[in-house]
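Two complexes follow with subunit A in common, the first pairing it with subunit B and the second with subunit C.
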Partner chain A sequence: MTDFLNAIVALSNFVLVPGAAYGAQLALGALGVTLIYGILRFSNFAHGDTMAFGTMATILVTWGLQSIGISFGFLPTALIALPIGIAITGLLLLGTDRAIYRFYRKQKAAPVVLVIVSIGVMFVMNGLVRFIIGVGDVNFADGARFVINAREFKEMTGLDEGLAIRTTTLITLVTAAIAVALLFWFLNKTRTGKSMRAFSDNEDLALLSGINPERVVAVTWLIVAALATTAGVLYGLDKSFKAFTYFQLLLPIFAAAIVGGLGNPLGAIAGGFVIAFSEVLITYAWKKVLVYLMPENLEPSGLVQLLSTDYKFAVSFAILITVLLFKPTGLFKGQSV
Partner chain B sequence: MKKLLLASAATALVASTAMAESHSDTIKIGIILGFTGPLESITPDMAGGAEMAIDEVNETGAFMGGAQIEAVRADSTCIDSAAATAAAERLVTNDGVAGIMGADCSGVTGAILQNVARANGVVMISPSATSPALSEAEDDGMFFRTAPSDARQGQIMSQVIMDRGIEEVALTYTNNDYGKGLADSFQKAFEADGGTVTISAAHEDGKADYSAEVASLASAGGEVLVVAGYTDQGGKGIIQASLDSGAFDMFVLPDGMIGQQIVDDLGSGLDGSFGQLPGSDSEGTAIFQEMATEAGINPTGIYTGESYDAAALMILAMAKAGSTSASDYAGEIMDIANAPGEQILPGELGRALELIEAGEEIDYVGATAVELIEPGESAGTFKEIEIKDGAIETVGFR
Partner chain C sequence: MTARGFLLYAGMALLIVLTGMFQGWNLALTILNMGLISAIMSLGVNLQWGFAGLFNVGVMGFVALGGLAAVLVAQPPVAEGWNAGGLRLLGALALGAAILVGAVQVWKRKIGGRMRALVMLALLIGGFFLFRASLDPAVDAIEAINPSLSGYLGGLGLPIIVAWPVGGLLAAGAAWIIGKAALGLRSDYLAIATLGIAEIVIAVLKNEDWLSRGVKNVVGLPRPVPYEVDLQRDEGFIATAAGYGLDPVTASTLWVKILYSGLFAVVLIVILFLAQRALASPWGRMMRAIRDNEVAASAMGKNVTARHLQVFILGSAVCGIAGAMMTTLDGQLTPGSYQPLRFTFLVWVMVIVGGSGNNYGAVLGGFLIWWLWVMVEPLGLWAMELITSGMDADSWLRGHLTDSAAQMRLMTMGIILLAVLRFSPKGLMPER
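Coming up: the complex of A and B.
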């Protein structure tokens, strides 16, 4: 029995808990990508850097709050700064839309042109973030680091394996759940949300029924700002902030959005978790778990690893390609790419 | 559009050659480092180190009859060989540099060496490329490095671990020429010494999440975790995740992983961890640190001293040969760096130039006690360190 519990704890500690946190972060990022694809009809390559910008704004506000002595008890101060960060990012995105995207929308530019434009925006934001906060690692998490750490858990339960749950992991899951609930409520129950969905389904029909397209676009950017900043801040709290890493986050986020079905919010969430868990599970060395579970004479001597961790990224892209080949609209019905 | 592009490219070309001609009494040295990419946080200090040496020589005015040296920076990106080659090509053909200080990462260094340095006959001195593969690379006598090869560091690291009575380790390395080279040479040395490496798992730098790697490492087990990575990249992510999940509580840190920043970031978690990095207890190190602090450069930054030495060696070799042509001065570099001769410490480049002028032998010691062995790389003294109460303490030298 103890062996069984040890196996479960080891699996939770190294696979389930970190996978869930990473999945939630990817899901929030993928939601932003999918919303832009559904409503504005292009793949926004600047999304990773939007996350970086939002996080940077939040970090600056956090530092401001800390310097005047405000903190949030055992929770990180960044959570108080988050709404202000979202507001600043919202302004930036609305400004970008005004200055750049609107021009191409008026021209009825093809989606691929908008994609290229977004790559340009990506480079500018990239430079902006590095210019303001620098290229180095920024650690801005304060408050209590652990809800329970591995050593305490071992002492409490008397098991050989420890289970660590970080405050940031819990915050990530809770905040992600709240954000997703709010988004779905907004899209399904409010008038603006319904007009956004109408605009996404059939632009011409939506225009005929008197929906103001500029308003839909503006609201979309604001929601994207909120999602991107939240995802970025949660990720930064959980790990740390570095401009380069945020740029690299773009790949798994796109993989998640496409696997789930571009344009489908539910798919984005599922996609986030699929990508996160596939990265961890397929390359996991089962030795530790099996040693606990198997009778002594059957214990494995090797690592019992399906693929070496070198192939971690191959795994998510293999899933991506399989999905595109056999179900181009994604696991949940989205638009085909 | 195409014509416009062509025209502007042509104008740019003409303009820059005109520039090069008008400054013919200026000698240019290219500094090619990864100012963007995974090493972007340490390269500004490295370039600063090299430029310190150049400024120092310019101030003396004693270099080749008062010629001025100009540093031209270029971006190696650390990871993109094509971009690095293009940047180096530009330095050589467009700026007309007399030598290249760089590159930083082993992969791009090899690419530049093969595609640009050998093809154009330009000397390269890298301050930080440590891959063992570069020792065997064809270089036509054009390539030197002020950092020791990781083949040597692997052996030293194995001894450091063995001396502490640890015989079973897990190993993770950053998936590039540096990480793979160091991991391989360490594993070979450690197994030859009778130790066991339970797992050797690669990690990618700058990625979002390292739970998969840590999960596998934890499952394989081991008394300590050897992390052949970078302080502000995947290496740090792996250590952070290992500490958080309680997978490992002691780490072995080679050169790329040692820096005050990571110790500050991770706090008490790193206490008791140990490692080694190229370094010596020479006088030169202390003098260089003082000079660097004055110049506003982080003196403990990794490879800053090696960068200063690389630039200084190149300049002194040119002075000794009395020529900026690679075929003339490449042969002098080993002579300058090694005994016999008057020892030259940082800040004494002016005196070195005087001695060379007077026809006397010099032995450049510099910031890192440079001693070059065949085929043109640093012999390498290593500093063993241990982290105690949030500070990096030197335990000894090997």
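Coming up: the complex of A and C.
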């Protein structure tokens, strides 16, 4: 019995808790991608760098707050800075839309042209982030590190395995839940949200009913700024901030959005967790859990790791290809094939 | 080529000559060599995007496969490694391939729904463990042999020029797999799929030490041209160099670079010639017809997906050739140095700026954007020094700005791309 409990604790500690946090971060990122796809109808390659920019803005504000002596108790200061970071990112995205994307929207350019344009925006944003904050690792988490650390947990329960819950993990889950709840309330209950959904479903019909497309687009960019910045800050708090890592998040985020069904917000959330858990489950060394579950003579000698952690991209990719082959519209029905 | 084209090419040549006169011929030739390689990559992407409208953002992966070919073909074989587990390893790989083929065959059988899925799943999962069980010991045995110097299987020990077509073949194979899965779906999906395969190729190169030594890098690849030190000892060469008023050291570095330029130029001209002929042929007309209106083309009886697969493979093979050439020029394979912004998206900037659909434009874009990529850094530093010249010598902002000048590259490339897309979407040399 104790063995079984130990196995469950080890599993939660190394797989379930980190997987849930990573899944929430991916889900927030995928929500941004899927919203842009639904409303503006292109895959935004600049999304990873938007997240990086938002995180950078938040980090700069955090440093400003810290230098005048403001902190948030046991929570990271970055949470106070987050709204300001979102506002800065929102301004940047609105400016980008005004200066760049609007021209192509007026022309009714093909989606693939917009994708190439977004690659240009990606370059500029990436350059901007590197220019302002550099390419190094930035660790900006402060406040308490753990809600429960492994030693306290062991003393509390008397088990051999410890369960450590980091503050950032808890914050990630709570913040993501709040953000998702707000988003769905906005999309389903408010007038603007409903007009956004109408625009996404049928653009011509929405225009005929007097919906102002520019307003819908502007609101979309603001929501995307909020989602991207939140996702980026949570990821940065959990790990650390590095411009290049954020660019690499693009692949799992896209995979999550497509697996869930592009253009479908609910699908994006499901997709985020599917991708995150598969990555963690497949790259985790199972020995620690199996040691408790198997009889002594059958205990594994190796690490029982299905794939090395460096192949985590391969996991998101394999899931993506499987879904594309067997269910091209995604698990939840997305917008188009 | 039009008069405008000749002018643009003359301007490009002038830029390289000016670089040679003001900053040294060594730098000018370095830029020329990478420019030639970039032009080939850009031709490959132009085949896919310009001819067929396929959106491939996995160029980096195909380039890296070309680089792997250089190692597999040209490095001498490591006999101890082969003895330790070479055959076992090949057997394991064959087993893995057989399992995949078996799973596909099961899926193709027309037996009832759930049973088929279950059998395939069982085959894949069981096969995976079997594959790992046979692969891992072989890999451990090979990597254990002298890990600091070799620890891998080596290559075939053939001349490195052979690696160039082999690189193309490797890339074509990868393109076939990815094309089979993702072509025929919407264009964004192909983009994401290629982005993924590129990351996976790099991950394999970084982690499979038995294959490419991973992040330990393979250095000292054989060369198709003589070594500088040999030239410097050669009496005849010293005499010729002296005839031009050059000291042997400078002359040898320049001569080696010129030889590379000659080799690369031959490849570029052959590929450019073939691409031009293809564009003008009925096949090229068909590709453009498919690109411009898929529905109409398939109504005319053209197999759109099969043609897409064909051109996708061809374009990727060209990128693979360029990748093998680049690794030859570097003389080493460093998997850690492959960055998507540099090897995928920069090539896209080259194609768009040069003029998509126009082979001469793609080549020009390759040279021009590569020249800019190299020159932006000194120019940016110079601009930053100008801007900050009024500031305090040890002010914080001045230090930060001059340090960040190195990051100007990406932003400049983005701005160039956006400006071209906005004001001249057909590029410097439009398709027609």
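Basically, the second predicted complex is superposed on the first by the 325 of 337 C-alpha atoms of A that agree within 3 Å, B and C clash if a C-alpha of one lies under 4 Å from a C-alpha of the other, contacts with A are read in each partner's own complex, and residues count from 1 in each chain.
Simple rule for what comes next: a contact is a pair of C-beta atoms (placed from the backbone, for glycine too) under 8 Å apart; a residue touches a chain by one contact, two chains touch by 3 or more.
Note that the coordinates shown come from a computational prediction; the quantities given were computed from them, not determined experimentally.
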- In the superposition on subunit A, see if there is space for subunit B and subunit C together, and answer fit or clash. clash
- Task: Kindly classify A:Ala177 by the partners it touches after superposition: subunit B alone (first), subunit C alone (second), both, or neither?
- Result: neither
- Item | Which of subunit B and subunit C A:Ile70 touches, first, second, both or neither | neither
- With the two complexes superposed on chain A, say which partner A:Leu249 touches: subunit B (first), subunit C (second), both, or neither. first
- Figure out whether A:Met156 sits in contact with subunit B (first) or subunit C (second), or with both, or with neither. neither
- Name the contact category of A:Val135: first (subunit B only), second (subunit C only), both, or neither. both
- Task: Report for A:Pro111: first if it touches subunit B alone, second if subunit C alone, otherwise both or neither.
- Result: second
- In the overlay, answer first, second, both or neither for which of subunit B and subunit C A:Asp310 touches. both
- Message: Which segment, 19-27, 343-351 or 361-369, is the subunit B region that clashes with subunit C in the superposed model?
- Response: 19-27
- Task: Residue by residue on subunit A, keep only those touching subunit B in one complex and subunit C in the other, then list them.
- Result: 135, 248, 308, 310, 313
- Query: Which of the residues in subunit A end up touching subunit B in this complex?
  - Reply: 10, 13-15, 18-19, 22, 25-26, 135-137, 139, 145-146, 149-151, 162, 164, 166, 235, 239-240, 242, 244-245, 248-249, 252, 276, 279-280, 283-289, 303, 305, 308-310, 312-313
- What residues on subunit A touch subunit C, complex-wise? 42-43, 45, 100, 103, 111-113, 115-117, 119-128, 130-132, 134-135, 247-248, 250-251, 254-255, 258, 262, 302, 306, 308, 310-311, 313-314, 316-317, 320-321, 324-325, 328, 336-337
- Message: Quick check: in the complex, which residue numbers of subunit C touch subunit A?
- Response: 53, 55, 57, 128, 132, 136, 181-182, 185-189, 191-193, 195-197, 199-200, 203, 206-207, 340-341, 345, 348-349, 352, 403-404, 407-415, 417-418, 421-422, 425
- subunit A-touching residues of subunit B, taken from the complex the two chains share: 37-38, 40-41, 175, 199, 201-204, 206-209, 211-216, 218-221, 232, 236-237, 240-241, 244-247, 261, 265
